[in-house]
Amino acid sequence: MAQDVKLTMDGTLLNWLKNAGDAVKSGEIIAEVEADKATVEVEAPADGVLVKLLAEVGDELTEGTVIAQIGAAGEASAPAAAPEPPAEAAEEPAPAEEKPTATASASVTEDGRIKASPLARNIAREKGIDLAQVQGTGPDGRIVKADVESFTPAAAPAPEEAPAVAEKAPAPAPALSGRQTYGKLPSGDDVEIIDASKMRRAIAENTVLSKQMVPHFYVTAEIDMDALMALRSQLNASLEQEGIKITVNDLIVKAVALTLRKFPNLNTHYYGDKLVRHKRVNVGIAVALPNNGLINVVSPDADRTALSAMAVHHKAMFDRAREGKIRPEDIRGATFTVSNLGAYDVEHFSAIINPPEAGILAVGSARKVPVVKPDGSLGVGTRMKATISVDHRVSDGAEGAQFMQHFRSLLENPMKLLV
Amino acid sequence: MALDKATLLDWYRQMVLIREFEEACQHLYNEKRITGVYLHLASGHEAIYVGAVAAMRVGTDHIITAYRDHGIALALGMDAGRVMAEMMGKRDGVSGGKGGSMHLASAEHNFYGGYAIVGGHLPLATGLALACKYRGNDQFVISMIGDGATNNGYFHEALNMSGVDKLPNIWIIENNGYGMGTSVEKAAGNPILHERARGYGIEDYGRVDGQDVIAMYDAVSRAAKHAVEHGPVLIEAMTYRYRGHGVSDKQYDTRLKAELEEWKATKDPIEILKRHIAKEHGDVSAELDAIHQAQLKIVEESIQFADASPLPNTLEELFAHVYVD
Amino acid sequence: MAAKNLPMRDALRRALMEEMERDENVFVMGQEVGVWQGTHRVTQGFLEKFGERRVRDTPISEMAIAGAAVGAAMAGLRPVAEMMTINFAFLALDAMINHAAKIHYMFNGQFKVPAVFRAASGWGNQATATHSHTPEVIWAHFPGMYVATPATAGDAYGMLKTAIRNDNPILFSESIGLYPRPGQVPDDPDYMLPIGKADVKREGKHVTLVTYARGLEWCTAAAKELEKDGVQCEIVDMRWLRPLDTATVFESFKKTNRAVIVEESLPFYSFGSEIAAQIQEHCFDYMDAPVKRVSALDVPVPYSHDLELMCFPNAQKVVEAVKSIL
């Protein structure tokens, strides 16, 4: 049975001193991690063979992250130091680059079959391991020998058990790889070749999967934001004492959550001939990270959470995300996502759905624009455009339009958000 | 050419054996006791085989042919029962049931086999003669060539190399006028096939009456001496086949019935030999009849032998001799 | 064992010469083997040493060269027939496949055909479509033939001796690109490598590279490259395409659970197809990734140099194939 090597501090992995497959003795230094004020040596917790390396040099890791596993001699065999990512986020309570739902389904094919090598199936059969519980690290998420050999039920909290996504039904999995290239790699003085980060590759996989499998359609609405902006000012003035600040984004998330409550079909995930309707409304929020990259944090039960509590929770999550200290619960169980680029002064845009979610709302900036007032006179108003992307397998244009209609009415009559 | 009576009677015996054997094969094929799709009968060609084989030292000199090979096997003295067993694919067949009608052979008789790809055996004959010359012995190689085979590349390459290296090859074209259904005139730019010898620096023995066993014996005997001393010889033996190209395709036979009847009536090799014996040695009809009866008995016994032989049916037999171990 | 460092060409020449010295029945025949000294210089000096009887220049007659070799072999000699290039051996396919390979069987073991057909195989130098083949698998397809495809000078030496002394017809393919490659050649006139035994040229535990002939060069370079990433490749050099030593392939695969098959030839109905099929049939429960193939591209080989190079495998393509299944 493999034993985990856990970090006892936050830090960046500087160096592996051992390779996968190497024998190690208890107390032997296997890695160096740059913590806040010092370089810390990571010791092997037991005698054995380094079965698996679960982090790469340069990874920012949080306390408790399992960076390696030590097993009995003979268990080691996978070329874990190989160029392809040997480990995936699901086993680590550490920054996860992939959305949990997508991660959980990475080893499952479109038709619901678990993707595992014959050898992995054989070993799983002998050891009595349920492959549905194993996270695959092979190409396209295939479960390979190393995954089943290093698998322990305790060490692998199944992402499927996340509160909002309890179903074990298989989700769509990559049809084509996001690692597609365009022939020979260019070279020469005019270009710089950079290794794609794990997160970049994960985003690539996920978005390619979505764009290839999910038939998107888009509905855009323009929303009068004057009333909302006014209400926000009032609220923030009253909350100032408590140090709470409600953002436009918080109000939008709230509005989305309430709209989803009214349109449960868009809080539904598509699984072939089955549709999974979520009873909880957990709104994912895309967060841009400082050094490129993107992570979707989750606002759980956003329809039922008070705005002030939501605002506090959101801020704390965003800070953790930007500092690379995200917690597993921060990224679990989204049922619908909001992507807000309003801070960048954009008119509007459309976003790519995170499968298996049925939709994503892309929010532009609230901008001062010339408007025709209800009395026919010209004036200046605050307007914001939002575009919902909808999985056409789940819903149709009319419902998308009604969703936007309701969403707009909530924002234009913002008192409804407080009720 | 003066030949003693015993020799002539022995040739008669061989030719009758071949004729009756082939007729029996046709009969057995009709009865589906010989089941292979390929069965090419030698009826009409008997004098060529008997005359040529008579000119060689069986077991010392070498012979190779195409798929119309029953006559040569019998002329060489191979056991008729084992030849018939091969027709039926039996365990006691000369090739263990693996060759069939087209692939008779006997290492003991230096008979390197019948071959079923038209022309394919011709360079083998070149190589066999190369071995004779390499060893510096006085042996030669007889190779039969169907008239149709003179038109494919093997003929050209094999005879040319034989001519270049002055190898002891005796090349005998069995010109029966047709390659399957196509006449020599339609298939050859120059239908005088023996004239091709000149292009290869091969001694041209011209056309020889393939229905006259004595003429064949005479020509091949002279060719043998020439081949060993000077190099290859080409003989064009004129003949006619009494049956179709093969038994399975006789319905497509495009030849004129009258042509066949004329050959049978005027140029039958057995009748020609009988007339010759009568002329040289008087009335021997009783002896000939006795010989004929004896051959019928041999053929009958060959069928009994073949019938009694088991069919090969084991995996060991199937896979034996793919490789030399 | 003492050994000399010789180019493969010289190793072949030495093997052939020693076999001719040893056995009077061994002789060479083919186009330009004598006066010209061999198109690839393998028979350099032979005519002077052995004379015209045993070093036989032939007309440009591939059917007759192969067919006469078969006939001479049936008569008990041990011909070594040279096809100037394997492309020309296409003309001799009938003689080799229908005759050399079948005679022993067809006549129930009455005749043996101990002929060796040497043929220079491969591409390069813009030889263009009809002169850029590595089609050994065509011969390996047929029971009755053996097919030798040495990858190193030492192997070429030991395998040619084995081939000449063996009683079966053998296509002995010599990769043109390997003729000048030096290697250790044992000083032993009886150095014989067993028929149909593969050789593990490099040991590793992460992936098995299955190859032959020139593919060994690409695999070796790729293995060195991959080693930098901690990937240890095991290289199985088949040496013979028939008999095919699948046991060694299976043994390696059961250890590494992954395979990339590297062949210089075309991908359809190929060496790679055969090995992949055998692995899935016999090692299914040991497969941890799909079996990958690196082959020539499925196109006739054009003249222009860059296009020509695109057609063929190289070390980088092997590296990429390995990475794709890790």
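The chains carry the letters A, B and C, assigned in the order they are written, with residues numbered from 1 in each.
In the analysis below, contacts are C-beta pairs under 8 Å (C-beta built on N, C-alpha and C of every residue); 3 or more make two chains touch, one makes a residue touch a chain.
All figures in this text were calculated on a predicted structure; none of them were measured in a lab.
S.K.: By the touch criterion stated at the start, how many steps lie between chain A and chain C on the shortest route?
M.R.: Counted as steps through touching chains, the separation is 1.
S.K.: I'd like the most central chain, judged by C-alpha centroids against the all-protein C-alpha centroid.
M.R.: Closest chain centre to the overall C-alpha centroid: C.
S.K.: Using the touch rule from the top, point out the two chains with the most contacting C-beta pairs.
M.R.: Chains B-C share more contact pairs than any other pair.
S.K.: So what's the Cα centroid distance for chain A and chain C, whole Å?
M.R.: Roughly 53 Å, centre to centre.
S.K.: For chain A and chain B, let me know how many angstrom lie between their CA-based centres, rounded off.
M.R.: 85
S.K.: Roughly how many whole angstrom separate the Cα centroids of chain B and chain C?
M.R.: Comparing mean C-alpha positions, chain C is 40 Å from chain B.
S.K.: Check each residue of chain A and list the ones that touch at least two other chains.
M.R.: none
S.K.: Pull out every residue in chain B that's touching 2 or more other chains.
M.R.: Within chain B, no residue touches at least two other chains.
S.K.: Which chain A residues qualify as touching chain C in the complex?
M.R.: Within the complex, chain A contacts chain C at residues 19-21, 77-79, 81-84, 117-122, 138-139, 142, 144-145.
S.K.: Quick check on the complex: what are the chain C residues that touch chain B?
M.R.: Against chain B, chain C makes touches at 27, 53, 56, 58-59, 61-77, 79, 94-95, 98-99, 103-112, 114, 143-144, 146, 166-168.
S.K.: Quick one: in the complex, what on chain C touches chain A?
M.R.: 205-207, 229-232, 257, 284-289, 323-326
S.K.: Under the touch definition given earlier, write down the residues of chain B that touch chain C in their complex.
M.R.: For chain B paired with chain C, touching residues are 62, 64, 94-99, 103, 105-107, 112-113, 115, 117, 120-132, 134, 153-154, 157-158, 160-161, 164-165, 320-324.
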